[in-house]
Structures are given as structure tokens and as C-alpha cells.
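The two complexes that follow have subunit A in common; it is paired with subunit B in the first and with subunit C in the second.
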Partner chain A sequence: MTPPEVMLAVKVLFGAPVAAILFGFFVMRRVKPEWTHLPILASCAAVTAAAACLAAYTTAKHCLELPVWTWAVAGDWGVAFGLRIDGPSSAILAMVAFVGSLIHVYAAAYMKGDKGFARFFLVFHLFFLAMIGLLTANDYLQLYLFWELVGVSSYLLIGFWYHKESARKAALKAFMTNRIGDLGFLIAVLMMIYAYRSTRLQTVYEFMAAKPSIYTSIIALGLVWAAFAKSAQWPLYYWLPDAMEGPTPTSALMHAATMVTAGVFLLIRSWPIISAVDGLPQLIAWTGALTSLGAAIIAGTKKDIKRILAYSTVSHLGLMMLAVGLGELGTAAYHLIVHGFFKAALFLCAGNIAHAFHQSTANVDETGGLRREMPFTYGCFLAAALSLAGAPLFAGFFSKDAILDAAWHHGGGLRVIGMLIAFGSAFYIFRMLFLVFHGDRKEQSRGGRHPHEAGPEFVLPIFALSFGAVVLGHGSIREWVSNLMTYGMRGVPMVLIRLKPYFDLPGEPALPALNWTVSAFGTVLALLGAGAAYYLTMVDSGWDWRWRGGFAEAVFESDFGYKIIVGWGARAVSWTARFTGRVLDKNWWDGLLESSSDVLREAGNALASSAQGRVNDYLWWMLAGSAVLLGRVLR
Partner chain B sequence: MNLTAVVWATTGSLFAIGLAVVTFRRQLLAMLLGLELMLAAVNVALVHHAGLFDDAEALAVVALVIAVAAAEAVVGLALILRVRRSGRGADASVLTELRG
Partner chain C sequence: MPLTALWTVPLLGALVCAFLGSKARYGALAFSSAFLALAGGISYLQGSPSALAVLTETGPQWAYGVCYRLSADSLSLGLIGLTAFLNLICVAASWDLKVSAGYWACFLALASALTGVFLARDLFFFYAFWEATLIPMFFIIGLWGSSGRLHAAVKFFLFTFAGSVFMLLALLALVSAHHRVTGVWTWDLGSLDPKTLGAAAPYVFWGLVLGFAVKIPMVPLHTWLPDAHTEAPAAGSVMLAGVMLKMGVYGLLRVAIPLFPDLSVEMYPILGGLAALSTVYGALCAMAQTDLKRLIAYSSIAHLGFCLLGVLSRTSQGLSGGTLQLVNHGLTTGALFLMVGFLYERSHKRGLSDFGDLASRAPYLAFFFGFATLASIGLPGLNGFVGEFMSLSGAMSAPFPIFAFVGCLGVTLAAAYALPAFQVVFWSPAGPDSVSAKVSDLDFRERAILWILCGLMLWIGLAPKPWLAWFEPALRGLVR
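This part shows the complex of A and B:
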């Protein structure tokens, strides 16, 4: 029997955002557009409370599966929409609701005075609602619908300033890339319907436990492909760095809470399917590790502060993928949660800087020494950066070291790559920190602008996020997440058999212990990275400008040449589209149809001239016809 | 001489005359008369063959044909009247709206 407060929380979880969006769309937007954020912020508060209530419920080792409505019923088949509140969904939902709400608060201040304020907030909240629906979906088809809704909302937000051509292009790029990934999801869903005659999560899990069929590998590959697109992994990562064209709160929401985490969540959800395919987890782990390393290197070369953070997100998502591929779902989810806090904080700090410069983003060329003007932003950025780099006792230390530990135990190349990522992460984030907030370099010029610290409505949400990025490493939080992941999956029959470290424990899962060797290595490498960043930005301060212009810049700007290949691919696709459109369709096919219709028209004209419209002629024709018929009958 | 042969000859020539009138004449009223002539020929032939084969159904068909002929005459005359009133005479050669 479900407690009434849980039922209420479930209703609030969807009712509040839907009501806020409808009210905002039909009433506020017309009556008082600059107040559109008020009902939406109220809805954020309600959703956060509901998410907390559901997290408490699942922490008490309950799971809830709530059928809502069956769609497309055909005989015994149907799509049973419903809610599945279990460990993975409620743990990530709690983070999404909390972080997302703080970003909403920030956005209210950041977007004030923008022409499209009402539109921004409505789409922003729709994005949030889509992610809530995705996390609580009970059925793969339902998950797919919200998955697409997330994609559409991100498209609308990236292209929010549609008067900029770069924003329109970036939005299209993000949307198209995600469509390529979604194709995999669609194939997987169709295969599920074909093979299992159901898309319900629990039913699919039970099928997987009973008899993995040959369709399993197709389904699993499709889901992984979709997750790679959404979570910005190689080969489909390239949309994310361009998605910076949207307003900064969009980037924060997309990178921390709503968009890119969906892919990791899908893999956690689909782990029973994925782990049944030989070699696929290893593929995920290696792709994640290599993407992470590559993105960490490129993040250390970028000039645009939001672009640095975007590559950092790709890198951290790669780490999560690495954890998922190694079967450490709890670690992946924990890093996802911690990452949500520090990445949101970093992005909002970047938003403060952009706001201070009255631009949509800022460049390291025009910043430098900002800690004097923006001490509070600096403090929050420093805390989040330390967390990201894995400074001991910060939250990122525990989450990242858990992943490095998993890679360490796996051994081989992953061990080395994990350590290189630790070095790279510390390097790029401290390079950014020093270049933006420290120093007084002759290469940097503010162009006569005088940045100022943002007001309290800007810094308070950032402060809350940085605080989370610092304290979330506390043992109780780690234990809470790993418990949630275990109990959440416990309703899944075969998972207990197949899953490695976290899930084969018969009793209470222990708090993931720190591996001191790994932690020591990781910390030393992070220190080395930070030291290298210090040397190359503060001691040899012109380094960043010296290496540019040559071959090295071409290599890094093109993501080791991959962007060129993608460009060829895109050109090939558009050339094929033009060829089919202009030559095949317009010239050949249309030409064929038009000439055949010409033939028909000419024949009609020729025949028409023989018909003079005289009644007696028709009578003769009739007579002739009757004679023929009569002849046939009498014969 | 055989009665059947006489009936065949009479009704056949009546039918042929009616057909010729319908197909060769252009005057609408004459064409209608030709039609009536064909129907009458068929009726006479039917009556004779009903007696020949002791078949009452043929007589029922005759009654139906008479009714149809009456209805046809009414409709046909009304149409001819409309055509005449439109001021184009009652001649089939002017009704060429179906010209291609």
C-alpha cells in the first residue's frame, strides 16, 4: 500500500510543472510576461519537495510502479504508460530537481530584461519537465517520448537567440546529431516490441532474465548508440561544445541536470540488457575513457570559457561511461550527481562573467585578474574547480576516485587512461581559473569594460551549488546513493546474478571504500596537473598565446582532426540530399511523370477531336456495342 | 403459313423501322416515336411467345414494358419541351454540348 504522501508527491511531480507551464503560456505570457517565472519557480519548489519525498520513500527500500494509462491497445498488446519510482530514478531525480531549481532561480536574474523572457522560462521549464518524465518513465516507449521532448526543448533553448546565425546553426547541429542517436533508440524500441511484445521496463528485464534472444544485441547496441549521442560521447559528441550558443542558464541546465545525464541514466536503466551482450560493456568503458581523455586534452586548449567547460562535461560524461562500462552503476550515478553540482556551479560562474561583460560568453583574451572585481564568483568557482579536479575531501575526490578505482581494478590501459584524465582535468580547470581570475597579462585586454560582481540573486544559487560540490562527498551521501542504486535494481531479477561489484552483495552493500593507492596516485596527478597549469599561466604567462597559430592549434581546434571528418560526413550527407532532391527527384522522377502526363494529354486531345457531341453518333456507338455484346451472347 | 413466322416478320420489321427512325432522324419527337415503335414491336413478340410457351411471366414483362414506355414518353416529352423552350428548336443536331 503506497502511503498517501507518496501519491501526492507523484501527482505534484507532474502536476506542478504542467500547471505552471500552461498557466504561464495562457495567462502570464499575455498579462505580465516579466512575471512568467513566478509560477514556474513555485513549481520548482514543489517538484524539489516531491523529489525529496520520493527519495525518502525509496531510501526506505520501497519501489513504486504506478500504472497510469494504457495507450494503443491492440488485443493483449499495449503501451502501459506509468511511473517507476525506484533507486536510480529517485536518486538522480533528487539531484535534477534540486540543481535544476537553483538554475531556474539563477535564470530569473540572468534573463531579466530579455525580450523573450516569458518564452525562455516556459521552454526552460518544459526542458525540466521532460527530464522528470524521462527519469520516472516505466516503459521504454514512454522514455523515448520524453527523450525526444528533451531533445526538442534543448533545440529551442540552444537556438533561443535565433537572430544569431551561429545559434541557429548550433541548435540544428545539436538536434540533428541527437536525431542520429535517436534512430538507435527507435530501432531498439521496435525490436523490443517485435521480440518481447512489450516495452515495459520490468517485462523486458524479466525477458532478459529468462532467455536473452538474438535481438538483445541489436536492442543493446541501439540503446548505447542513443546514449552516446545524448551524453555526448565519441563519435557523436561534437554537438555539445557548439550548444554553448544558448543563454548560460541553458548550458548549466543542459550540462548538469537535464540533457546529457539522460544518456548515462538510460545505460543504468538498460544495464540488464547491455550486460547480456558480450563485449558491449567493454566497448562502453573504452569509448568513455578515450572520449574523456581526448576531451580533457582539448578542454586545456580552448579560449572560450564556456567551451572549456563544455569539453570538461564531455570528459566527465566519459568518466561516467567508463564506470557504467565497468559495471559500477552506483559509482556512475554518484559521479553524475556530484558532477551536476560542480558543473552547474562552474557554468553559472561563467554566466556571471559573461553577464559582467554584457555578452553571451567570454573569452580568456578579455578576462584575467577577475578575482579582484568578482571575489564571490571567484570563491565559488574555486570550490567547484577543486571538486572537479578531485582535491581531497571535496565531493569530486570521492566520486572520481571511485571511478579511477574501478579502472585501476580493471587494470591494463584503462588504469593509465584514468590517471591521465585525473591529470588533464586538474590541468584544464586550473588553467581556466588562473587565466580568468588571476594574473595581469599583456596579452589580455578588457577592451575598456569594467566588470563588476553580480548581485545576490546571482550568487546565492551558485553558492548553494558550490556548497553541494564541496560537502556531497560525505560518507552518508555516498552510502545513500549506493544503497539507492542497489535497492532500486533489486526488483530486477537477473541483475543480481549478472551485475558485478555493487549488485552481487547478498546483504547490505557496504560504503564504497577508498582505495588509498588510487587516491594517492590520483591526488598526486591532480596536483601535477594544477602545478603545470600554474606554471604555464602564471610563471610562463605568455605560453597560451605563443603556441597558437601553428600546427598545434589546427590539431586542437579540429579535435585531433575528427571535426574535419565530421565536416566531410555532413557535406556528403548534404550533397546526397541535394542530389536526390534536385537531380533524382526533380529532374528524373518529375521529368518522367511530366512526360507521361504530356503523352496522356496529347492522346486525350486527339481522341476529343473525334467526339462531335452529336446524339446520333452516340447512338451508333451504342448500337455497335450492343451488336458486339449480342454477338458474344449468341455465339 | 406459320403464325410465328408472320409475327417474327412483322415485329422484326417494326423493330428495324423504329431503330432506323431513332438512328437516322434528327428530330427529337420522331426519335421518341421510333423508340415507342421498338418497344411496341418487342411487346407484340412477347405476347405471341407467351402463348407459345404457356408462360405468364412474359405477360407480366409486357405489362412492365407498357408502364416503362408510358414513363419514358412522359420524361421524353418533358425534355423535348424544355429543349424547344430554350429556343434551339427540337433537333438533335444542335445539341452538341458533349463536343470534345
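This part shows the complex of A and C:
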């Protein structure tokens, strides 16, 4: 890669999506809306090629920091935007571009004939563009810009079928929750400007290395809070399961590539800040671990197939957070990449099922034994599920076991929780697999529908994704990610000796070698989970319907009661707003001001004897009053 | 001469329009265009903002030191440009209204008076122009408003007039104290010496602030605004929100802060606190509204709270951001009010629950409304964010950074009122009493207006640097 080629790749990375969106919006949407996806698919191809080039460039141990334009200046304050292509950004960008493009291809088939086809593709691509911008930003304010753009695009996509009340509610919930998280980001960025007069990543890192201060804690906490919202961690995870109200390609893109990964990426980017605050990494690790375990349990109780996958995403994001909190950034990024592949494949399989049923999602009550009608979908689902559960030699095995290994070495409660998660993941995904694709239960009824395998335009992207979910565990790929992360976080070529202590991360090289003890334990627990799922769905096949109803379901449906608390919070805010707006402001304060004219009139009547309504009198009174005031002022 | 022309051209237009009868709108269009061209031309000829030569015109001295004195620095010219731009937008947006010639005359007269406020450097003329703005706006609300227009017009007039009385007293005290100590009568902003006031200075400062704060409006002096906005015709709301509210902040920047630089720093805990409160209070009130126009009106209170927070922080980024937010708010809220006006023209309703499903019926309207809503809630990349962020950043660097944190909460709450309202009007299915069927999509003229406004929002959001640089020279001296 020569420098001009790199520059070309960078230009294509942004130029292609922007051009495709503008062309689609102004030309295709009017002229031929059903072809809006063509320029966008071309842009996907170009972006993927560019991302591959940049990944190759960084693999050859180059980094790029490119100023682009000065956004705002005032006094000694200024923000300049630019690009930072280094290890973490190029590694994750390569995954996002590839997986995202495949989902675009799938979406073209899935959304065909929808009334809002053009609108869908434009927003879909905007979502993609926002993520590219987020990954390559070299400045926290710029990152925030794309971060919010990701939020808005997801809002528009979740609410895409806005005629459904559930979609409207889910969209609002997602946006508001992310907005609450963004509060942390906003405060962090404001604090950076106050403390360091800069929001450029490199400058902030240098300040961190030089002297962490009280502001560091606020900045780090704010960023972690924002990441918890975006990456759906407790206490702000609750928007993600509802967010599957959007069309299935949206869910796939959101869960695999473009949205929820942003939070993990932010923490990887901000590691020099976070690691400088005592106790914060532990907080992240524990939050991630507990969220992961809780979500894995809930995922095992859901009936809606997309909802199971959504809780599974929360669980896996929790694992990534656990890795980040333990300082295993490379492991977190590696699991993020592998997760992108298998989760996208799983969601698109769910999309195939929903499509076969002609509805937006499907329920386990309506499925069962689908492997006969949809053998290809079944095969892809099985491969991705094995990867998710961490079956040996599948990609998920390597990425998850690296995290379990980190938890194992950390010891204590995290060691136990890690193993429980391994069990839970295998349980929920195999429960879903058996309920959907196997068996013939009396509780399940298709309601007269005859599902059939989807066409090649549906299955080819899924095949590519599940292929990735199988082979990404290959040694060379692990080594590649490992090298990129270690080296990228070192910030070469901006070698900063002072930064050394902060970049000498624990667990170097970024991916640990396979630990056979942990792998054995993990595999056994996964087998146990899958076995339990088999027993409860195939042997004792009515179990899933028997335990429903009553207290247990209420506990799981409300996420152990947390959803109720969130509901109280939302109601408290809207009550405060209604009280402020209608009672305090309108009735009391404005009422008081308006009634003052009545009071004056009453007083006027009382004083009528002294005032006969002659203008002359009033003018004298006014003059006298003004004179008194003036005299008081001038005295 | 050019400065006098700036405020006399629209005034002349108002007189001409008044006699044109049914053809008045053509006159209004011609004079509004001429006014914008003149404002743009003067700004252009002043050259690059950093080398901005401050144009000044001085007339002969009158009795008691009153002197016709105009001056235009980048702050004045920027706000005059905004006035001229929004005035033309208003004329274009009202083009098909069945209104008498007086309507067009009032808008031009309003533009003239506003320009006078931004130009005057003699406090007598400043006050005269200040009060002159009330008259056309009183008629715009009272004659062409909706059902509750009379009450709203009177309330608007009384509130702002009451505020102005304190301002007048403060100005009189200032001028007479100056005369008592120095023996010179003058109303010149540049030569008045507030030290002559001695111990009375805080009273005069608060008199001025009271006059400006009612106009802005700062919580708790804001209750005239929702009524006035709700009842005013759409274009009236645009001018009211777009420019008239800005007079208050301009007054602080031009009169109160330069005259009392130390007092305004001393009083920052109170004023900044009220500004921060405005951002949250306005947002909470907006959440409770069921009328689209009232909702946007309350959101204005919140947005002006950001302006105020930035300006009062007296830091370079706060002043720049707060001032840019004046322009931003004019564009964003102006666009929103226009669109509510378009809805009202078609259906004679503006309650949230009167509509539904408009995204399917009027996709252009939905697109532009969504765009402006996102700008209004401070989405980075659009204009609203720049002003809010820089204002908050300024407040963060000033004492009491807690105000900045409160302001951040206001940013978060903005989404909580704007998006649900957008969803109810555009996404929810139309109810049985819905008037959505009457709402046709925007025509070419309306779309053109909104393209211009939205294009500017995007431009300022992505590249605010030249805009900030434009205002910077006028604000440099105000940094604490």
C-alpha cells in the first residue's frame, strides 16, 4: 500500500456512502425507487474494498492520523476533525464493512416490495456510514457526532414500520435511553475541553500519561456510562430487546455491526483514560459479567425468536465488557468481530423464518420442525449456534474461551460467572434451535402456514456469514487481530515513551494462548447446557409451556423486576413534566401573574373615591411614582 | 448613509405597502429582497470579519445630548442579516394568505424597528426603536392571530412594556447621573460612564437586566411567550422567536455587559442559574403541552436558556456559541413555526392529537419537520448542537460548572419533548377526529423555503467555523 493508495481508500471509505446516499435521495428515490439499493450496494462493495486496504495497511505496521478540517474555533478553544486509522479501528472496520455489506445484500431481498423501500435503504446506509465515521474518528467530539448519528439512524430504522405502536414505542425507548447515556458522553467531552483544551484522542492520551487528575474520573465515568447505554449493559440495557421491532436486517446490522459494538469500541479507544481511574475497570468487568449472566438466563425463557437473539446479544456484549474490564482489549475486539459474524447469521436466519411466515418476527409457538422445510437455513443456523455456544474449533470457541480464560485468571466470582455464562449461552441457543427446527410438539401450531426455504438472494449472505463464524478461529486470524490490537493501542508511529505504562496492557500479546484447562471446563459446561436444552425440548417436550404462567414468568418477563423500576422512572419524569407544565407554570405562576390585573382593578375600585377616572390625575400619579423611584436610584 | 438606508428601506416599504392595497405582497417581496440585498451587500463590503471596519454614522447633537448615532459591527450586521433573511422567508411563507395590506406593512415596519435596535448606539434611539418593535408585533398578533389573539396581544404588550419601563428608568438614571457628575448630557453608549452612578449601579444594572430578561424570556418572566406564540400567525411567530427574543440577549451583549462588566460577573450565580434553570424548566413544560405551537414556544425558552448561559459565562467559546445559537434558534424554531403554520393553514388545527399518520400523507412535511426537530434537539452535525455545546463548554469553564451539568440535562430532556410530539403527529395512526385528511403535502414554494432553512442548518452544523469567526471580533472585548 503506497500513501496515495491509502488516501484513495480513505476517500472511498467516506465518499462512496455519501455519494450513494445523496444520489439515492435526490435521484433514485424519485426516478426509480425500487432501484435505490443499487448505488448503495455498489458503495458497500467499495467500502469493503477500502476497509480491506486499510486493514492491510495497518497490518503492515502503519498508522494514519489525518487532519481533515477545523470544525470550530473560539478564542484558545478549537476542535479539529480528522481520521485515525490504527489497529482497533481498522480491525473492527474490516468486520463492520464486510458483515454490514452482506446484510445490505440480504436486505435488498428481504425488503423487496415494501412501500418504504427507498427510505429504508437510505437510512440503512446512513447507519452504516455513521458507524464508519465512528470507527475512524480521531477526536472525541467527532466520535460523539457519529455516535449520535448512529442513534438517530437506529431510531428511524426501529420505527421504520411506524404504523405499529410497538415499533413507535421501541424507537422512542431506544433513542431516549441512548440519549440518557449520551449525557455521560457530553459531560465527558465538555470536561475534556475544560481540562485539556482539546478533544483529540492523541492529545487526551498524552495528558493521561502525563498527569491523571480529578477530571479524569469524571471523563472516564461519563464515557463508561455512554458505552453502557450504547452497548446495552445494565442499567441501560433495556432498550435493546425491544429494538427488534424494526425490520430484521436492521436488527442484524444493529446487533452485529453498527450500533451495539460502538460502546465496546469506545471503551477500547478510551482505555488509557479508564485504566487511569482506580476501580473503574473492575466496575466494568463486574457489570459486564452480571449483565451477561442475567441476559443469558432471560434469553432462555423468551418465546419470540428475535427476542431470544436480542438477549443473547446483551449477554455477549456483557462478555466483551468483562474482557475490557479485565484489560483484555484484544480479546474483547476479537470476540466483537466473531460475534458480528455469528450474530448476523443468526438474525438473518430468524429473518428467513419470519419471511417464510410473512410477518416481522416469529414465535416458538408457531415453529417447530422447520429443518425439513428450510434445510439450508437450518444448516447455517446450526453452524452459527455452535460458534455462539463455543463448540471446539468454531470461531466462538476461541474468542469466548479467551474471555473465560481472562476471567479464570482473575479468579473469584468472575471465574464462576464466566463458567455459568458458558452454560447459559449453550442452553438458550440450543433451546431455540430445538424448538424452532426440531421436534413435533402438540403445543406448536403453524396456523395453516406453509413455510418454505428462501431464495438464493436470502441464503447466500447468510452462508458467507456462517462460514465466517466457523473459520474465524483460524490461528492466522487470531494472530492478526492480536497483532493489530497490541500494536494499534501502542499508537505507532506516534511512539510516545511516556505512554508506555498505559499501553503495556495486561495479557500481552493481546490474545492469550489457548488455556486447555479453561477450554475443557468451558466445553464441558457448554455441552451440559446443550444437553439440558435437549432434554427440556426434545425428551420432556412440553416443559417450555408448562412452567409459563404465574410468578416465574412474571419474574422473567420483567427482567427480574428491573423493567418495572424503569417504568416507574419514566412515569416519574412525565409526572414531573405534567406538574411543571400544567400546574406550576400554567395554573399557579401564570395564573398569579394574570390575576394581578384583577387585583389592580379591585384596588382601583377601592380607590375610586380618590380617582375619578381623569387622565390628568393618573398622569400626575405616574410622574410622582417615577420621580420617587428615580430619586431612590439617584440618591 | 448606508446604515440609515438599512432601517429606512423596510420602513419605506411598509409605507408603500400600506397604500398598495391588494398588490401589497409584491411590494413586500420587493422591499424585503432589497433589504436583504442591502444587508448582505454591506456585510460583504465590510470585508473579512477579522478586518471588519466598524461603520459608523453620527448626526448632529440634539437637546439633552440625544444624538443620532448608528454603528454596525459584526454582531449588529449578523443580527440584521438574520432579520432581513427571516423577513423575506416570512413574506414568502405568507404569500398565499388572504390578508390586507397592513399585514405586509407591519412585517416591514417590524424589520425596520428591529434593524434600528441593532444599529443604534445612542441609548435614546436604542430605547425608541426597542419600543417601536412592540407596535407592529402587537398588531400582527392582535389582528391576524388565531382565536385568543386579543388576550395574547395585550398580555404580550403589557409584559414587555412593563419590562421596558424598568429599562427606561435605568437609562434615565444612567444619563442623569452622568450629567450630574461630568456636567455633560449624553446618551452615547460609548461615552457614558457607569462609575458616575456610584452605589446605585446595581439598581441600574438590574433595571436593564429586567428589561432584557422579559424579552428573552428568562424563567420566571416567560409566561407571556407561550400565549403570544400560540396565538400569533405563523410568520409572526417566526419573527417573534427568530428575532425579537434575540433583542434581549443583544441588549445584554451591547448594553448591560459592556456598561457593567464587573457586576455582570458578580451576578453570574443568579443569572447563570436562572439560565440553566430555563433550559430544564422550558423542556419540562414543553413535555406537558398538547398544542404544537405551545410546545415549540416552551422549547424556545429552553434554547434561549442555552444562549444566555453561554453569553453570561463570558468565556470566548460561551460568547461565540451563545451568539451563534441566536442565529441557530432563528433558523430551527423559525422552520418549525412555519411548518406548524402550514399545517394550520390546511386544517385550522394545531393540537398534537388532531393529526396522525402525516408521514404517509405528507412525506415532504414529515422529512422537513423531522430534520428541524433533530436540529432543535441538538443533534451533532446540525446547527443546534454547535450553539448548545459551545455555550455549555463556556459555562463549564466559568465558575459554577454545575450550571453546565444542569444544561446537559436540558439537552437530554429536549429529546423527551420533541420526539414524542413528532411521533404523535407524523407516525401514529390518525384517530377518528383527526384532520390529517385535509393536510396536503407541501407545494413547491413551501419546499423551497424549507430547503433553504434546512440547508443552512446543515451548513452551520458541519462547518460552524466561518460563522463563529464572523461574530468573534464583536465579542472579543466581552471575555471576562
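Just so we're on the same page, the second predicted complex is superposed on the first by the 569 of 635 C-alpha atoms of A that agree within 3 Å, B and C clash if a C-alpha of one lies under 4 Å from a C-alpha of the other, contacts with A are read in each partner's own complex, and residues count from 1 in each chain.
Just so it is clear, a residue touches a chain if its C-beta (ideal position, glycine included) is under 8 Å from a C-beta of that chain, and two chains touch if they have at least 3 such contacts.
Predicted model only: the values in this text are computed from it and were never measured.
When subunit A is checked against subunit B and against subunit C, the one touching more of its residues turns out to be C.
In the superposition on chain A, A:Leu38 makes contact with neither subunit B nor subunit C.
When the two structures are aligned on the shared chain, A:Met538 is found in touch with neither subunit B nor subunit C. Of the two partner chains placed around the shared chain by superposition, subunit C is the only one that A:Ile187 touches, whereas subunit B remains out of contact. Of the two partner chains, subunit C is the only one touched by A:Trp69; subunit B is not. Once the two complexes are laid over each other on the shared chain, residue contacts for A:Gly581 go to subunit C alone; subunit B is not touched.
Touch criterion not met for A:Leu527: it reaches neither subunit B nor subunit C. Every residue of subunit A that touches subunit C in the complex is listed here, in rising order: 69-77, 141, 144-145, 148-149, 152, 155, 159, 162-163, 165, 168, 171-172, 175-176, 179-180, 182-183, 186-187, 189-191, 193-194, 573-574, 576-582, 585, 589-590, 593-594, 597, 626, 629-630, 632-635. Across the complex, subunit A meets subunit B through its residues 607-616, 618-620, 623.
Partner subunit A is touched in their complex by these residues of subunit B: 19, 22-24, 26, 92-93, 95-100.
Those residues of subunit C that touch subunit A in the shared complex are 155, 158, 169-170, 172-173, 176-177, 180, 200, 203-204, 207, 220, 223, 281, 284-289, 298, 315-317, 319-321, 357, 359, 374, 379-381, 386, 389-390, 392-393, 396-397, 401, 404-405, 408-409, 411-412, 415-417, 419-420, 423, 426-429, 462-465, 468-469, 472, 479.
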